[in-house]
Amino acid sequence: MADVLPSAELAVARSRSQSPAARRAHGLLPKLGLAVYLLALMLPIYWLVSMSLRSNEDIMSTLAFWPHHPSLQKYYYILNDSTWVHAFGVSLTYVALNTVISVTAALPAAYAFNRFHFIGDKYLFFWLLSNLMAPAAVYAMPFFNFYYAIGLFDTVWAVALAHCLFNVPVAVWILEGFVAGVPREIDEMAAIDGYSFPRFFIRIFLPLIANGVGVTAFFCFMFSWVEQLLATTLTATDALPFAAVMSRSYSVSGMDWSLLAAAGVLTMIPGAIVIWFVRNHIAKGFALGRV
Amino acid sequence: MEKPLNNRAWLMVAPVFVLVLFSALLPMMTVVNYSLQDSMGQNQFFWNGDGWFRDLLNPSTEIGARFQDALSKNLSFSLVALLIEVPLGIAVALTLPRGGRAVGPLLVIIALPMLIPWNVIGTMWQIFSRADIGLFGAALTGLGLHYNVTQNAISAWCTIVVIDVWHWTPLVILLTYAGLRAIPDAFYQAARIDAASRWATFFNIELPKLQKVLVIVVLLRFMQTFMIYTEPFVVTGGGPGSATTFLSIDLVKIALGQVDLGPAAAMSLVYNLITLTICWIFFTIMTQLDRRRYA
Amino acid sequence: MARITLEGIAHSYPRSPTMALHPINHVWEQGRAYALLGPSGCGKTTLLNIISGLILPSQGRVLFDGKDVTQLPTEQRNIAQVFQFPVIYDTMTVGENLAFPLKNRRVERAAIKARVAEIADLLDLTNELPRRARALTVEAKQKVSLGRGLVRADVAAMLFDEPLTVIDPALKWHLRSKLKAVHRALDLLMIYVTHDQVEALTFADEVVVMKDGRVLQVASPAQLFERPEHTFVGYFIGSPGMNLIAAKVSDHVAHVSGHDIELGARYPKIRNGEAVIGFRPDFASLAPEGGIPVQVRRVEDLGRRRLARVALGPHEIFANVPEGVSIGGGQAGLTIQQDRLFVYVDDELVLGDRR
């Protein structure tokens, strides 16, 4: 391949070689639009953070743009309250369990879908896809009965397994896109070199799609972390996720807004941390590896 | 691309198959079971055939009317949301830089709304839209509008639309951005050499190359709006009245609230069938697009 | 029409410490066909993009017919470029594709139609005009890309960035001859970037050989073959390339592995006498006896000629086996044509006194 111009350099070069007028028109308006969008995006989040730092009396009495007497009181309360801490722990647990299960099961399947042709493969793939679109509401009742019947009701396992409904298809779909990016010659060379399939898969293939596995794990984490309908339906007391605890945050004088806000802000943190690690591959992952 | 026929690949697919079987198929069996029966309570069931289904699809029955109402609300919501989110998302994606160090952090910020648990989004907007403690609510009433989420049906409906746009436009942006990045630079260079205007470049190069991504985007967004539950539930509870009672909310109300298993099961099946059909349509469109590309 | 002048053009990419291009001065005469030849990373695409205006060079000026265009953007430079893969507008027909550059420049409809027809005829695309461009074969699509560049009558130069990369090998010659036909018909300045020497040597009037951001030699294909001014040029061009052997050169003799080779010219004092002598297999022949004694390793019959791989001490040498001469394994005698035997110091050609 000839020396290819890196796209960033080209962008710089392009902008530098434009006439000043053109540069202004092309540069300013889009940037302004982007800034407006980002502002609109951050505003509700900012508002929530602001709420979390104010007391309920303060919130109900004035509409302030920023907290005048910020206090981390509610945060301390949450982090020291066993119900809340347990709830966060429960949520993190079933999300982690689900991610591991989904990704592990999806890896061989993604490989099979991409490399092989087998009876019913198109139908199976379509069925998987359709489960991605399954309305959780439709499954709330059947899951309730099902997990009660097998004795897993009100455990992290119930939620972890229930979330497989949509997360396994997500994992297969994204991973399949990344598997497609590995040339088949590599498989053939490994076979010629005498690798057994399990050895080849673990020592050669997996490192090549390490990015893809990371992105997939991120998405499984994300979709499981945000889903609350099934999580609250399938739990009662022992395995309450934070959403259930949040919906019970009443104080004597009505909704405890600042407590809710603080809890809300805390729930954003795991997501933000996880996405930071895969930020460079995010665009490709969102395109489900296929673009 | 020729793929070797290997039925032993089923072994590799088996874990996924089993998992999804238990998550999807078996529970659906119980639903099918309930949808064909009626109950006098106390675990006594008798056969009802397609009775529930006929009731459901008959707008003159109570359940039929309710179903139609929720369905039409959901469809119009999906349409409006799509009409706003897709152009907006594409527009924002076009403004993002094509490379450089700002891209990573920008994408993370843009993706933030999607990382927030849905009940928290509901809570966030519940606060934000109140006229007394929220900026949004205060601003709108300050402008003189009759804005009240809990009492005004239009306010409630519009707010849900705004929430959904806020929440999910990032998905459109990120998918579109990925699609744009996949276009080789040479096309942009050729467009410059051909003295094409920005619009001409968009219509003749970017939009055609985004076809497949846009189909996926529309599919995902339509399906997600079609099964929306948590956000409207937290913010409006389905009200005022039944103004924001979308399909999922109604279904859960019937199923878990009133313990009317028969109608709820029938509704579940029809609901599921609709989503399956739409899914199949999109799947067909996507494979057609693929086939056309390689023609 | 234009002659393009590069004055002190040099470039290094932002955030990169090395120079992608070392200072170059060159004049591209109008109406001639040039090839930019070199391995990956030699800077040829960078140079091409500086000429087309896609890159602003770190140093130097670009002049079109004496006018400084360095700051002008691509669309104001009247150049056209063909890329490695066909760049066509999917949604348009072939005719619409060809008309696009003219439409954007607000040429009137009748003129567009006439010009499109003219170019389509030149490229054998007349029958494809109403078809959707994306339905064509790869070669036809590349022709459409080419056509979009040619359709502008005022285009000053056509630039090609490895345009045959994705073309089926069996059809490369067809496109190449089309390019030559276009060149003759339209008398355009054409600059063709490639790493394939066959393409360069068959297409160009003059070849610019580059390596590591430097221009090593600018000459006609024949001159590059007969008188390479740099060891890389000797090695890169020709199949196989030039034989390059380390030797100790003093006056008119080169000492290699205990043998003395007569150079046919007197060379000035070379530091340590360390140099490299070079000669092409085409100008070295083997005989059963006479000349420099070498060990024969292998003789390959290539149809048109026989190529022998021989060893002089530790050095491996390719040489021609003339017709009618029979060489077995074992010893043979190597004779090198003296006026094609060159001496290189630090990779550069050193001239000797042939009096």
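The first chain written gets the first letter, and so on, giving A, B and C; residue counts start at 1 in each chain.
The definition used in the following text is that a contact is a pair of C-beta atoms (placed from the backbone, for glycine too) under 8 Å apart; a residue touches a chain by one contact, two chains touch by 3 or more.
Quantities reported herein were computed from a predicted structural model and do not represent experimental measurements.
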Maximum inter-chain contact count - chain pair: A-B
Closest chain to global C-alpha mean, per-chain Cα centroids: A
Chain A and chain B, separation of their C-alpha mean positions in angstrom: 16
Centroid spacing, where centroids are CA-atom means, of chain B and chain C in whole angstrom: 56
Distance between the centres, which are taken as Cα means, of chain C and chain A, whole angstrom: 52
Chain B, residues touching no fewer than two other chains: 189, 192
Multi-partner residues of chain C (at least 2 other chains): 54, 73-74, 84
Multi-partner residues of chain A (at least 2 other chains): 5-6, 10, 14
Complex interface listing, chain A residues touching chain B: 5-8, 10-11, 14, 26, 30-31, 33-34, 37-38, 40-45, 47-48, 51, 59-60, 63, 65, 101-102, 104-106, 108-109, 111-113, 115-119, 121, 124, 126-146, 161-162, 164-165, 168-169, 172, 222, 225-229, 233, 242-243, 246-247, 257, 260-261, 263-264, 267-268, 271-272, 274-276, 279-280, 282-284, 286-288, 290-291
Residue ranges of chain C touching chain B (in the complex, touch as defined): 52, 54, 73-75, 79-81, 83-85, 87, 89-92, 100-101, 104-105, 135, 145, 148-149
Chain B residues within the chain A interface of the complex: 3-7, 9-10, 12-13, 15-17, 19-20, 22-24, 26-28, 30-31, 91-92, 94-100, 104-105, 107-120, 123-125, 127-128, 132-136, 138, 166, 170-171, 174-175, 177-179, 181-182, 185, 189, 192, 198, 212-213, 216, 219, 223, 226-227, 229-230, 234, 247-249, 251-252, 255-256, 261, 264-265, 268, 271-272, 275-276, 278-280, 283
Of all residues in chain B, those that touch chain C in their complex: 184, 186-187, 189-190, 192-197, 200, 203-205, 208-209, 295
